[in-house]
């Protein structure tokens, strides 16, 4: 029990670090009989992979997945699915100067405080590269969701002060793959890309907002008091590195308004109970309403910037300075879309089983 | 496993509902040897209790705690601590008209979708009254935190569009008890109270923002990948009824700025590593830095309003209308401060044990 | 997490101690819609209750159950079911001489080693009286099992050197209530009773064997590698105080024989796959076969005997002697039958839900 | 949550199957700072490995371990330790005739009942080969135990009707490696070997008893009510394939005797509290006494025998016959010693952390 597992019935344990031999995940509790292929996982990993455009880090990794167990004749057999990605590019000399100087905004110092050591080579297990595990788990979860036609999609709604216009779910799904910033608003996307390139030139980074939407989730998902669907979603999203805030539905806007402005009134739509508005973001009392589930997360600017910063020297215990070189994403939002989709997909798959919508043993 | 438990090593299982016989909690995993009294728990329950001012519901409950087990000669003995509050006031006739008409903004409909029934009498277990269990657990957690001089304080920073000025921790602790709205800013507090009374007269409700601060938490608390300290805090705060958003440190502001504006630089302060700023809200890489931990939550306006609203009839499956009578808080923020403190205290106590700062068996 | 919970999906947390205010259980994860009454629980508690015959302790307790939450109009509503029994008879003066002298064969010393204190008054939470919690949980579990017509029955097969003859399940069910020793063999029962009364007169105690049988469990229950059905049954049975051994099917007899003598051959019986023999005790590869599940447990003689015994003084840390007075069961086997039934029923109910035979949320 | 994990704080998730690509384990919750090498794990795997003597299966596997993550400069870094063994020898044609005919005594049929399919190639994940995962986890656990000088040793005490004489712990440790049957009694060992070779010639198999001893465990290990040390040990041992019974201390002998014969009296030995006898097997009230912990397990004869057996055809659902060819251990006891050591080591490591004897985060 040291925080490397997500989910209860359908659960994903991840492992591996930035400069170790391999990263990967154990997906346990997936029902037998689900068709899944290398490609299903690889395509999600490709979405997460860096080096695919000018606005991401130039670290080149093929991130080829290898499934070690859990499949029998192309289907899950009910046993743990293990998939790994071996690290290729292993030059860690660029990180040598970080050995005793924790980087501001990174987990270096807190890992040192906790474990008595930290892997200065690219963040070790604290690296964003560990999200490979989540993405593997999310790829399997998505296949579970497919059986009920549930979709999870993510897009970037804000980069710095550039905000996208509100779009409809089908537009989002269509547009989000048409630009490298993964913004569904074709008007805002180029301005976001320009801003990212601008801060990159400055040796700077910039934050943003990512939104994740779940379509077709049935009403009735989520536990009642502590493991509410929104609580679990908030937990996994806040657990993604660089995320500093999470909203469901109207989020912080709800703080400003009155009850009559917030409440979503019910109506019958062809024998199905729906709400006229969806300010609640698809969740009431911690349980899904059947309307789209909508979550947004605030992403901080990547802490690795090339400007000189103040730090301390852990050996001499004196003030020090640091300049970070190496390759980094100037804005991590586009790549976080994949991780957010994976994380939310795992939560939904878990609750589908926990709530009896999917048999826990076999499809 | 149905979502009534919070915490892993130090954990709290809550039970009971709005109009049942009793509500309470089982606190398990509390080390032996901790002095604790009825008063320690009762005083927290009194903070949560309604009916203490004009701006809360007029439901009168004494909420007297009774400890059933777990103590031996005034100290915890390592066995489960069970404390209950018996419900007194049981008139549920006011709720009869809700029997088949789910209230907009409430969990009535989603509980129906999930369980096939819902307790229309004041929300049943979905009622805010179930937070009695959390507050009992939080009271025990606070005693654990006391042993390391760790404090958890909460205050209201926004009601509707009225925002409090930023205050220092010691001011907050001092001021927050001086007004019924639990706002630390003496200038904003009366304006918040006026706004709450105003919406109450309108038969309306209003949202707000509550901030929770943890002081003196050691560096090194929190798991690395999924059960990060911020993830766990976000999970429990989002799990409180009416919360629609959670921020750590700068939160959504972080989305707008650059890396150099966000990063907290390190410095040595008398052999202790600190950060000059605390934009991270005391958590980096999911692990505490030793700086104050700062979380904020967006609270939606109470869904119970006395205006006519559209709903459906679950029996006839046709559109319907509803007018909610009964007693309700026009703004739940002041009372949520106590629940937020309790929830975060439980998370911190749990991680203190999980991280080896406190012996899991005996003090 | 301190070992007061049993089960995962369907789980039971017990609390309370021998001389505290109350004992009881929280049953969580029970599906909504299950009819259950006070009587269902009370009748199981009555089976466990002492003072009902000459061969049990003379401690008189009414053990009246009070349900605090979890029911709505006579049915489970999906929220935690909490039931308690208040302790009545509270004279603990008989235990004063045990304050610093741990009783041989009891948990006094090990609790002291672990928690730094022990409740010398009748064993505190280490007392057999804490099994009230299990029996409450088991009563609810049995109602879950009823929905699939699954029965769990226990009987005493050995007391000291007196062994019962092998009986058929329906005989066991019928006969076991016809004598105070709960032995299904009408020939052995009186000899067992005589032996118990004999050792009681000597100020002694005696051990025995209890067998628990599960009828009508479907094939397919149990996890594959670590949470096998037999592993979980062995865990809960060994966890009952005084149990020193657990067998499934042939048990230790299997060590002596050859493969051809052990293997249960398959055959078709009216389109159902059965085994000719049932040496495996209904479990293969950790998963139920559909044949009766058969477990036996070795119960040690009650450690409380009235003979002088050597012990140590925890204050002076010197050798000491102890004579235990008070009321004790000379043979705990008859009362363990109820606890074993409850424990196994909880395991089966949990696996029925985990394996998808019963919906986790509502019936 | 599907039963592939053992342990709570220190936990081991295993994966992989008999004829898949790889088998292995994720060891999570191991404190940082523990020195561990490939050799530490490989030497345990070599103990488990078949093909090393005449009395085991002739399947040849090198079982070379590869550590994928969790180490940094030769020490654990607090992140999940993942180690795998790739399967080499993959001819599964010998199993083709088992495709629809479940083998008596094996898990084939119950896996089919549960998952709708089973891996007929050598038992799939139900194969004894999956214990590679446990052994990897046990190797890491043993390194944790080393820091407190705790030893776990296993030996064979019975094969069929051949019983070993009782030996002292240091004799056991010394003698057990001197014969292929892993029996500490030099007089019984050759007779056991002869018996095994004899049944092998007959195309038969034979059962036996394995004993596992824990030396130097401190008093105070184990939870009080449900996750007792003996309950957890019984759970993991009963969870090993082919185990049908578990005893602690006197075990089933305790059923026959009186309290005065069973109770272990206390005495002071150089300021340490000990018991004169150790009939309890080192555990009282579920918590360790500080005396040696002694567990025994009954191992059934290997179900794979070369005699014709009755079975059913899963396709035609008619009676059928089966003759099993392939390579099998005629007596699995010698190889189970390694798995039992691993399993118990994991339980002890877990409880050492849960009970506060070892810091959960770093050594």
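As written, the chain order gives the labels A, B, C and D, with residue 1 at the start of each chain.
Note that contacts are C-beta pairs under 8 Å (C-beta built on N, C-alpha and C of every residue); 3 or more make two chains touch, one makes a residue touch a chain.
Fair warning: this is a prediction, and the values are worked out from it, not measured in the lab.
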Pair of chains joined by more contacts [C-beta pairs], A-D or B-D: A-D
Relative to chain C, which chain's C-alpha centre is the most remote? A
So what's the Cα centroid distance for chain B and chain D, whole Å? 46
Rounded Å distance, chain C centre to chain D centre (Cα mean): 26
Distance from the mean Cα position of chain D to that of chain A, given in whole angstrom: 39
Identify all positions of chain D at which a residue touches two or more other chains, and write them in rising order. 1-2, 4-5, 8-9, 14, 78-79, 114, 125, 220, 224, 354-355, 360-362
Chain B - residues contacting chain A, complex: 1-6, 8, 14, 102, 104-111, 113-114, 125-126, 130, 158, 160-161, 199, 202, 204-209, 219-228, 230-239, 241, 244-268, 271, 273, 275-276, 280-281, 283-290, 298-305, 307, 309-312, 317-319, 354-355
Considering the complex alone, what residue numbers of chain C touch chain A? 9, 78-79, 220, 224, 354-356, 359-362
Listed in rising order, the residues of chain D that touch chain A in the complex are 1-2, 4-5, 8-9, 11, 13-17, 20-24, 26, 28-29, 32-33, 66-70, 72, 75, 77-80, 82, 84, 114-117, 119, 124-125, 360-362
